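Each structure below appears as structure tokens.
The two complexes that follow have subunit A in common; it is paired with subunit B in the first and with subunit C in the second.
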Partner chain A sequence: MSSVVAFSVFGVDWVFLKPYIVLGLALGGVYALSGVGIVVLYKATGVLNLAFGAVGAAGALITYWMINHTSWPHWLAYTTCVAFGGAVNLLYGVLFGPAFAKRDPLVKMMGTLALALILLGLMAWRAPAGGAFVRVLTLPSTDHSYTVFGAVVNLTQILALAFAFVLTVVTTLFLRYTRLGTAYRAIADDREITSTLGVPVRRVEASAWLGSGLVCGAAGLLLADLYTSLDYSALTFLVISSLAAALIGRLRSLWVTMAGGLIVGLVQAILTPYSSVTQYRAAAPFVLSIVALLWLGRKRVVVFSPTTR
Partner chain B sequence: MATAHAGEKQEGARRRLSVERPDLIRGLVIAALLAIALLVLPATLGSDWIKTLTSVAIYSVVAAGLVVLYGRVGMISLGQIALLAIGTWTATRLSFATDLPFPVLILVTGAITCVIGVLIGLPALRLSGLYLALITLMAAGAVNVVLTTINFPNGGGGFTGRTDAPNLSGLKPVARPDVAGSDVAYYRYTVVVCALMFLLALVHFAAKPGRAWAVIRQSEPAALAGGVNITLYKLWAFALASFMTGVAGCLLAADVGAPTVYGFPNQDSLTMIATALIGGIYTLWGAVVAGIFMQLVPFIFQAEWHFNPNFLLIIFGVGLLQVLLTAPGGLADQLPKDLAKLGRLIARPFRKRSAESKESA
Partner chain C sequence: MKSTKVKVGVALAATSILALVLATWAIGGSQTRAASQVGAAGNAKAAKCGMGNGKKATGKPIKLGTINMLIPGVDFTTIAKIANAYFKCVNDNGGIHGRPIQYIQYTEQLNPAQQSTLAHKLIESDKVVGIVGNTSFTECGTNWKYYKSKGFTVIGAGVQAECFGTPPIVESNMGPRYSNIGAAQALLKRGAKSLIIASPNTIAAYADGGVLKLAKQHHIKGKSFPIKLPVTDGNSVALQLVQAAGKGGGVILDFTPDTAPTIMRGAIAQGLVNQVKWGSSTPIANTFMAKQFPQFDGKIFINNEFQNLTAPGPDMTSYRQINKKYAPKVDLQAFGQMGYMDAKFATIALLKVKGAITAASYNKSVRSLKNIKTDILCKPWYVGNLAYHIPNNYDITVTYKKGKVVKVDSCFAIAPVDKSLVQTRKWEKQFHLNG
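Take a look at the complex of A and B:
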């Protein structure tokens, strides 16, 4: 113990907090990448995907089943989770996207709520959470751990943070410099005019669904590992933290969304060791979003919601 | 010009003097349904059913709050069940702390829940509807977390009103009103209070707030141009819905006696808005249908047919998609139309035959 020099800044013992900061950054990384997935889909299609958590949870459950009840190789199980996310989102986007395209953003959001309910029902029906029975899904990367700045970090945690960063960079560049990315931005501005310019609007939107779905599957996989147990209800409602990140980014800025996700994760984790607030730390997304909303509303600009159709 | 004006006046006078026929029929139907609910059902159904019907009434008031919010103003709240939990918690705490008569307890709970609801919604009301939906969803998550920690009061002291080592035999449930001690009497009491809440909503629809909400729902720029204070009336709707939900929470507290956080799972907030939309978000009839979907249908599946009610989530999801895409009025709007269509379909051969017989004659 004597080798550890406890240093404190602002009266906080940072050495003591290190493991929580690591956990917070890892969780924050997943919130950030989910948030980015949500914002990109919202920008391209106007759909705020509430089913993000549910799809990830369902994918993780399938992976769990494949690992524990079949003899198929594990890499296949992990790939299936990501592919499942992409497939479900793509299917929803292709089947219902066009039908909702001209509707109010609230109605579009409620459509994804329906998807979340269907998935929740399927999970509760096929894989009920029973009493003491706890599903645990551990990625192979969790076994590799390193020491960074005196804190023990496992590979999954590094992957989560790195993935969030890479996704944000790649998506930003993609939107800025590729034809497809330009098409996304054009559709976000005006869907009809974009389609008259010869952009295959439906196919472009489908690609947005597929992309965000793949992110969603990966996020589900990472969360199932980082979160102590694979509880589909908890995973489904972890979408709240990602939504908080998206909201902090005003459903617009990818970088602010990423920062928001990291902050939400960090605040949640850092509050863990303080016994007076530790039970309330899961309320962090709500509190941070309220603060963000007050900040957004500070200019007292009247923002009209589009006419309800 | 003058004659037209006189005609209008006459028309107006007639409308004032006589109750129009559809209104009369509607009034009679409501009276008959209330009579059935208050007199016939308690006499014919068992105690399980009466308890379930009590919750149906309570949850239909929550759904009525959503009718006010989304059906009238166009705002979506994904946290109504969390608000219901807040109402239940408040009522439980007040019931242990004070000796307020039950009607006063109902009003105080409603008022407190109203304030909390408004505080939650206030930051989002100035922004677009999407933000309100998000913030209420997050609030639902947060309330669930806080309630899991502090739990429902069980007669202890302090703010949380919870004692860790409760003498289980000494615990008394939340007091019911003196006139409604038994389950059946409490069911009747609940139905009456819930009917009053529906009436409160109806009064609002018919008065100035209702008109302001209608303009806001049609077009916010038009409302602004017309001099409607958008933020005030949105806030008013939110306050009304929160008040109604708080009242429902108080009724629920005394109904359950010893509420727990397990009675308010997170996903219920989602099923609530789904069933409200499926039932019909534009009329209060839809709210009743939503209450039935939330409470009675799962009960029938579980208790009567021994069927996992989680399966219903899938049906609600599919139903929600269908309502959003093809039948925005929900069941309350669609069912009468479909029944009328079915009636015409059945009547068609007979009508044709009678026409033929007339021709041949």
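Take a look at the complex of A and C:
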């Protein structure tokens, strides 16, 4: 009865769209948690991390190898993916963070692009795509499914959404109420002054790289399962959707970033079954972030310097 | 203080570098797999390869060439790898009257200019006497006129219309269009109320057309979903297909083993497996897939253009042995059977040549081939001097069962929805091409 009533609300066939909404929320959850990881790192270091997806993809490949080619326990494989993300990010942050610290944001971002390309090259060299088989990484939680409002939802999808929400709450509280979180916010405002006040800036930045990296690893695992294929180049470029979420949050608000990630995931999923627009759904993150930036900046006053009048 | 910091920094860097090296090594391990060798249900005596005399061929090489497509999501080089394995076996068993076969292999990425260049290179620079084992989404269309102008008859494993509709190309397989029709017949036999088919978008117009004709003949819904490769979101694709099919409908997947699993996983993750009847064209009829997808046991009906991989006949036994000895890293699969047959038929043509082996004499010999018996196919194979060739037009249906591939329908004729198939069967009778 409820599905019949829902059928014609707003003239949209909600029964038909329900499964896509589920898919969209799950993927949106991963974009949201990745977006939060990107924003926190940006707040602490000023770096927009373009290697987010590549690190997660590499971690997922390692997990795939451990599960399919060793007899090690699966929990160790999943933990390794997350730890790998943290380790690679930390290594990059420790080695290159200080060198890039005084450079402008574009240069800092290009540094992470280099990391992404190196990882992509390594993955293409050591684990080329193609061949007679495809790599698939399925989490054990995917085997558990439930019916929610008439749609089939598996536990991985629920976890993706829940994790995004929990991470946003925890990170918000962390930034507001902990000394380390306060240090992050201080560095975001002014790194030099924060340093002169005795805050160990490099250690704080390193902790941000580590934390963001752990989120990288977790996102890599979830995306490899939700996308049903371990295509490392596709997983690498899913960072675009996460970046869109971060941009919608203007690299400041974690809650708006979370909402942005969910919206990106939903829009992409809902466009899927409509053949006239499905080929444009890859552009959804770009379009949404442009619209959001224009809308959110609509009341900003542009001030010209006296010399440009 | 400073030296402690330096030590800590160096230790951290060293540990991280070690982790990265281990990671690189580990990632590399992901790509290697031991080939799964299928135990046959009783082996017959293996067919001999070439002259079968156990002597290594040492004379002047006879050059054959191939062009195989290799793109993200589809790897056809398996056909060439197994053809090469067969030729190695031939060379270890006397070659062609003492002369070894040298097999030159090129790959292409769906670029017509590249395909044309490679064909010219093989014939004019490498001076091959024949082209064997070509497989691509589009190469037949690019090069068939060139092959005809040079008097070449290519033995390959085809996909697009020109592979089955032009004089100079003959295939050991039946291609996706007819294989999909066979899958549709299997689903209709089991009461499917609609026929929905998904294929790579580069071949969908041709590959799906036969199924749509069959659906129309049976007055049921038919719909084609061209899918862009590589598939990165199997969940959405599976959902679209099942929704289009409706309850009790049929969904046919026309993908290779490096794409189909993504969609099948999506179906499993969303509880869609039992909602429709599933069918597929040949490429996923192998035990690797059967072991990966027990959820599809008895629920997917795969049209198999060739005999089961565990079948005991002489050619199947020979294929398994050659695969094990000369290409152990390659899984047993339909592409391997295609490569084996292409190489076998080319070898028969070479051995039939009387006098000097040249491009002219070899290709003339190829065109004279008929009634070539092999236990891998339902009926004998042939070439003939025909306007087009569809020698493989009978096949079987298989399904997965407890990690194995089992036959559920014995050899049956592909439904003659195309005029070309009707005409082919007339020629077979007229010229006694296959018994």
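Going forward, the second predicted complex is superposed on the first by the 287 of 309 C-alpha atoms of A that agree within 3 Å, B and C clash if a C-alpha of one lies under 4 Å from a C-alpha of the other, contacts with A are read in each partner's own complex, and residues count from 1 in each chain.
Assume a contact is a pair of C-beta atoms (placed from the backbone, for glycine too) under 8 Å apart; a residue touches a chain by one contact, two chains touch by 3 or more.
Note that the structure is predicted; figures quoted are calculated from it, not measured.
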item: Three-chain arrangement built on subunit A, subunit B and subunit C clash or fit; value: fit
item: First, second, both or neither for A:229, with subunit B first and subunit C second; value: second
item: Geometry of the superposed three-chain model: angle at subunit A (Cα centres of subunit B and subunit C, steps of 10 degrees); value: 70
item: First, second, both or neither for A:52, with subunit B first and subunit C second; value: neither
item: Subunit B versus subunit C as contact partner of A:31, first or second or both or neither; value: neither
item: Partner chain in contact with A:244 - subunit B first, subunit C second, else both or neither; value: first
item: Partner chain(s) touched by A:128 [first = subunit B, second = subunit C, both, neither]; value: both
item: Which superposed partner A:272 touches (first subunit B, second subunit C, both, neither); value: second
item: Partner chain(s) touched by A:209 [first = subunit B, second = subunit C, both, neither]; value: neither
item: Nearest Cα pair across subunit B and subunit C, whole Å; value: 5
item: Those residues of subunit A which subunit B touches in one complex and subunit C touches in the other; value: 122, 125, 128, 233, 279
item: Partner subunit A, residues of subunit B touching it in the complex; value: 74, 76, 78, 123-124, 126-131, 133-135, 137-139, 141-142, 145-146, 148-149, 217-221, 224, 230, 265-267, 270-271, 273-274, 277, 308, 310-318, 320-321, 324-325
item: Interfacial residue positions of subunit A with respect to subunit B in the complex; value: 48, 50, 96, 99-100, 103-107, 109-111, 113-122, 124-125, 128, 233, 236-237, 240, 243-244, 247, 251, 279-280, 282-283, 285-287, 289-290, 293-294, 296-297, 300, 302-308
item: Footprint of subunit C on subunit A - complex, ascending; value: 16, 19-20, 23, 58, 61-62, 64-66, 68-69, 84, 87-88, 90-91, 94-95, 122-123, 125-136, 138, 142, 145, 152, 154, 156, 226-229, 231, 233-234, 269, 272-273, 279
item: Touching residues on subunit C, where the partner in the complex is subunit A; value: 9, 12-13, 16-17, 19-20, 23-31, 33, 70-75, 78, 228, 230-236, 239-240, 243, 257-259, 261-263, 265-266, 269-271, 288, 292, 330-331, 333, 335
